[in-house]
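Common to both upcoming complexes is chain A, partnered first by chain B, then by chain C.
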Partner chain A sequence: MKSRWLGLLLLGALLVVLVLLPLLVNNYWLRIATGALMWAGLACSWNMLGGYAGYINFGHSAFFGLGAYATALLMADPLGLPFTVTVLAGIAVTAACAVVIGAPTLRLRGAYFAIATWAFAEVLIQFATVMDFTGGIGGLSLPPFLNERFFYFAMLAAAVLTYLATWALFERSRFGLKVKALRDHEPAAEAMGINTALVKLQTFVLSAITASVFGAIFAYWVTFINPRSVFGGDITDQMVVMVLLGGLGTLWGPAIGGVALFVVNRLIWMYWGDTAFYIAILGAAIVLVVLFLPNGIAGLFARRRGGATVLDKTVEKLARAGGGDRN
Partner chain B sequence: MDLFLQTLLNGLLIGGVIATFTIAFQLTFGVLHVIDFAVGGWVVLGGYLGYYMVAAFGLDGFVAIPVAFVLFGAVGYLIGPILYNVRNSRTARPELMALALTFGLFTLLRGGMLTAWGFNTRNVTTALSGESLMVGPVTVPLIRVAAALFAVAIAGGLFIFLYRTRYGLAIRATAENRHNAALMGVNIRRLSANVYGLYAGITAMAGVLMGAIYSVNPESGLRYTLFAFFVAVLAGLGSVGGALVAALLLGVIEAYVATYVGSSYSLLAIFSTLFLVLLVSPRGILRRGL
Partner chain C sequence: MSAATRPQALQPAAATDPILVVRGLHKHFGGIKAANGVDLEVGRREIAGLIGPNGSGKSTLFSLVSGTVTPDKGEVRFDGRDIAGQSAYKVARLGLARTFQIPALFDNMTVTENLLAAAAEGHWAGARERAAETLALLRLEHVADNRASDLSGGQQKLLEFGRAVMRQAALILLDEVTAGVHPNIRKIILEAIAGLRERGVSFLIIEHDMEMVRNVCDRIIVMDSGRVVTSGRFEDIVRDSEVMQSYLGRPQ
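Right, the complex of A and B next:
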């Protein structure tokens, strides 16, 4: 009980600091903080499917890019819609896209799913590059809005919402138990009456629309996007590394990994100004984490669960909660 | 009509080179049960080896081929056991961890090459560069013919090795059922290291050829990883015979799209086909996947 209060206290203190941050630091550091929040949120959104449901999505940048392009296209001249509307439009487009793409691809297991999602993201890159309405390889410009505080608070709100939703849905609800059950043993989960196809699709859509919101804010923030900058594989690469580093399927892992890696990225950028070196570091980080720290940083702090696997616990909890799915 | 024939021939010749490393890729999956994201990285590294052999020592590009096999075979032999350990470890999801490991390796190779050599493209010069052969109305660059012949030799050798030797039998047995193969006295761990070494060596050789036909740069690794995945998906993961057919098909599709639609659409066409095939027939068109 004591550690619970301590945790809440720490969390409250963190929130207060985050809200007051614009008063404490200059615009340069505020931009870095904004980026860190974005990556923490994106890593969390990847973790919903990758960590909790066990489906490795190598094309998650597709949804980030869809959000960014939706906002860029709708805010541009002929339409000129307000930002809040374009974010919602981006969510709608991404959700529709995620349902259409997710329903067939989520039938695939393991590596096939990873390849399919990767191919999907690459199709979108190629598509955005050859089409005219997306501005081709040159990309799109958005009306500039130079208010760092607005973007900081937008990212903060999005990140807090993402983590709250993850906590409520995946850590504190039956939905989360279903997701974990299908991750640990899909046929067993199905046999317990869980509609795995539906649960997977719900997780996939949730993870996609979260990424699209960050994409929309990102596009408005940097005011210029092109296919590589929002659909690029590097974006997915970073999310994967951040989650692996922090800890797959944990609530705080993606936040730790995301902030840590983004800070490393900025430091390298400051001292060398060369992003190719960062790619090599990303790769080395993945290799080292897989070899020596398969449970991530969060795994170092996890309590030892005596004997029982997650599956056993999940099954037990589901049984206690009143059996299978009645949906 | 001439253009049509020319494109077909070009596609088949390139498809032959693609077949060499995709066959090895399939073999690796069959034995190790690991999808190697890093395949494109080995191709590009092979191309760079060829380039530096020419630029630094003034040797012909063809000399680099056996060197690439020995060098990358050794590297693969060292990496193989690591992959094997991760794939068979007691972590929660060894399959995903192995996938993440090769993905990390690929990213590391790409980043390392970008840092060392930048974004410039490099070309492997050989004695046959720039020469071409007239067959009726069709002009064929000699280097493509040589590369395709070489590819046929490698693929043929591999098939003889797999189907006519005792060690090949052990490899096929392991791919079919590793548990039973182990009971028959096959040392799976050592066999995995050998197969991964063989695969890395063949892939690097294909890279030298690719460097001579096109050119290489660190970013083109993704393209070859895509090729390997495309072939794997069409043929079904682990199917060695299907890989040959699928690779030739891939070469032809790419050539036709590049000639008749535009080369900027060729990746779009390949990715879309890959995606659709996965949805329609997840075990491969030939339905021989594992």
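Right, the complex of A and C next:
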């Protein structure tokens, strides 16, 4: 009970600091804070399916990019729609795509879903590169709106909503019990009456539309996007490493990993002016975490004695052949 | 629990017809005939024991009845409905629960969460109270907040059984639920089975321990090579030397 109050107090203090941050730091650091919030939110969205359901999405950037392109296309001339409308349009397109990709592949276990999501993101890069209406390889420009505080608060609102929804849905509801049950043992979950195909699809759609909202804000914020900058595989890679580092299948792991890695990324960029070194750090981080810290940083604070980990279950799903006939 | 939320199978209006009827059930895996024309029945409030040598098709029968595996042909009637080939979650929702031979727990969830997850679909009202009752019934209160994968082997068996209890099922299939557990834990499970039967639950139990079969089961069903060889009271079955030969692999 005592630790619970302490946790709530810390959380309240963090929120106060976040709300007051624009008064405390200059625009340069405010931009870094905006980016950190975006990555914390994106990592959390990937973790919904990857951590809570155990299904690895290797093409999550597709949904980030769909949100970004929807907003860019609809806000620019000739349509010039308001931002709130373009965010909703991005959500709708993303949800439709997630259903089309997920419905057939989430029924199968094994690597099918991972491969399908990876291929989908690759297809979108090629599509956005060759088509005229997406601006081809040159990308799209959005009407500039140079108000750092607006984007900071937009990312903050999206991140807070994402974590609140994750907490309510995955940590405090029947739905979360079903999701975690199918992650840990799919045939047993089915034997408990859980329609695992449906629950997986619902989780996937939720995860995808969350990423699309961050993509929409990102596009409006940076005012210029191209296929690689919003669909690129390195965007997914970063989310995966952030979640693994912070703690797969935990509420706060993605926030810890997301903020930590993004700040490292910016520091490297500041001192070396190049982020090639950062890619090497990502690679090293993933190896070290898998070997020595399977429960991530968040796992260091949990009371547990070895046994199975969430990572075990996720890897098991990737490796296992399709079909539901095994115990 | 109101009549509206009660599973249909537990309605007092239920007739005296068998809760489970299996007719001519076949399943081949490649050349192996795991089910080769299985016929059996389980009566209402009956505790039926399913015995037979390893590989005789007992666990496959459980998978076929519970929808985990789709039969090639044959009929499975549960509470009057044809459920052959239905998906496992639909069969479960009709009021049939099962345990797995190798405990199939939700490893990264706590003991309480495992029980709640079992009730998350269809039996949510009062689930927390029932989880507390089930913890008490199975003497698992002291590990309620432990992760399932941190439990001892015997405790895992108890939890596997406890999840089936949480389903409020009309028929429970138990797959060697007391195999290899301490006598104290076995006693807890046997008492729980007896208590549930008093409340109208039927059981089909795979069991190798003849002492347990003798003490608990109303009737024994003997399987060999994917078929039911015979069924009857324990004493009659044991007297039948052919059956014992089939079961023990040597003449009595």
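The criterion applied here is as follows: the second predicted complex is superposed on the first by the 303 of 327 C-alpha atoms of A that agree within 3 Å, B and C clash if a C-alpha of one lies under 4 Å from a C-alpha of the other, contacts with A are read in each partner's own complex, and residues count from 1 in each chain.
Note that a contact is a pair of C-beta atoms (placed from the backbone, for glycine too) under 8 Å apart; a residue touches a chain by one contact, two chains touch by 3 or more.
Source: prediction; values computed, not measured.
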- Which holds for A:R266: it touches chain B only (first), chain C only (second), both, or neither? neither
- Message: Let me test your reading of the model: by the given contact rule, A:V240 touches which partner, first (chain B), second (chain C), both or neither?
- Response: first
- Query: Once the shared chain is lined up, is A:G193 touching chain B (first), chain C (second), both, or neither of them?
  - Reply: second
- Between chain B and chain C, more residues of chain A are touched by B
- Message: Output check: A:R228 vs chain B and chain C. Expected answer is one of first, second, both, neither. What do you get?
- Response: neither
- Contacts of A:K178 with chain B and chain C, given as first, second, both or neither: second
- Message: Contact-wise, after the overlay, does A:R31 reach chain B, chain C, both or neither (first, second, both, neither)?
- Response: neither
- Which chain A residues are contacted by chain C in one complex and by chain B in the other? 310
- Task: Spell out the part of chain A that touches chain B in their complex, as residue ranges.
- Result: 54, 56, 58, 104-105, 107-108, 110-112, 114-116, 118-120, 122-123, 126-127, 129-130, 233, 237, 240-241, 244, 274, 276-287, 289-291, 294-295, 310
- Message: Applying the document's contact rule, which stretches of chain B touch chain A when the two form their complex?
- Response: 35, 82, 86, 89, 91-93, 95-97, 99-101, 103-112, 114-115, 118, 222, 226, 229, 232-233, 237, 264-265, 267-268, 271-272, 274-275, 278-279, 282
- Which positions of chain C touch chain A when the two form their complex? 63, 66-69, 87-89, 92-93, 97-98, 100-102, 104-109, 113, 116-118, 120-122, 124, 147-150, 163, 167
- Message: Using the touch definition from the top, list the residues of chain A that touch chain C in their complex.
- Response: 174-175, 177-178, 180-181, 183-185, 187-196, 249, 304-310, 312-313, 324-325, 327
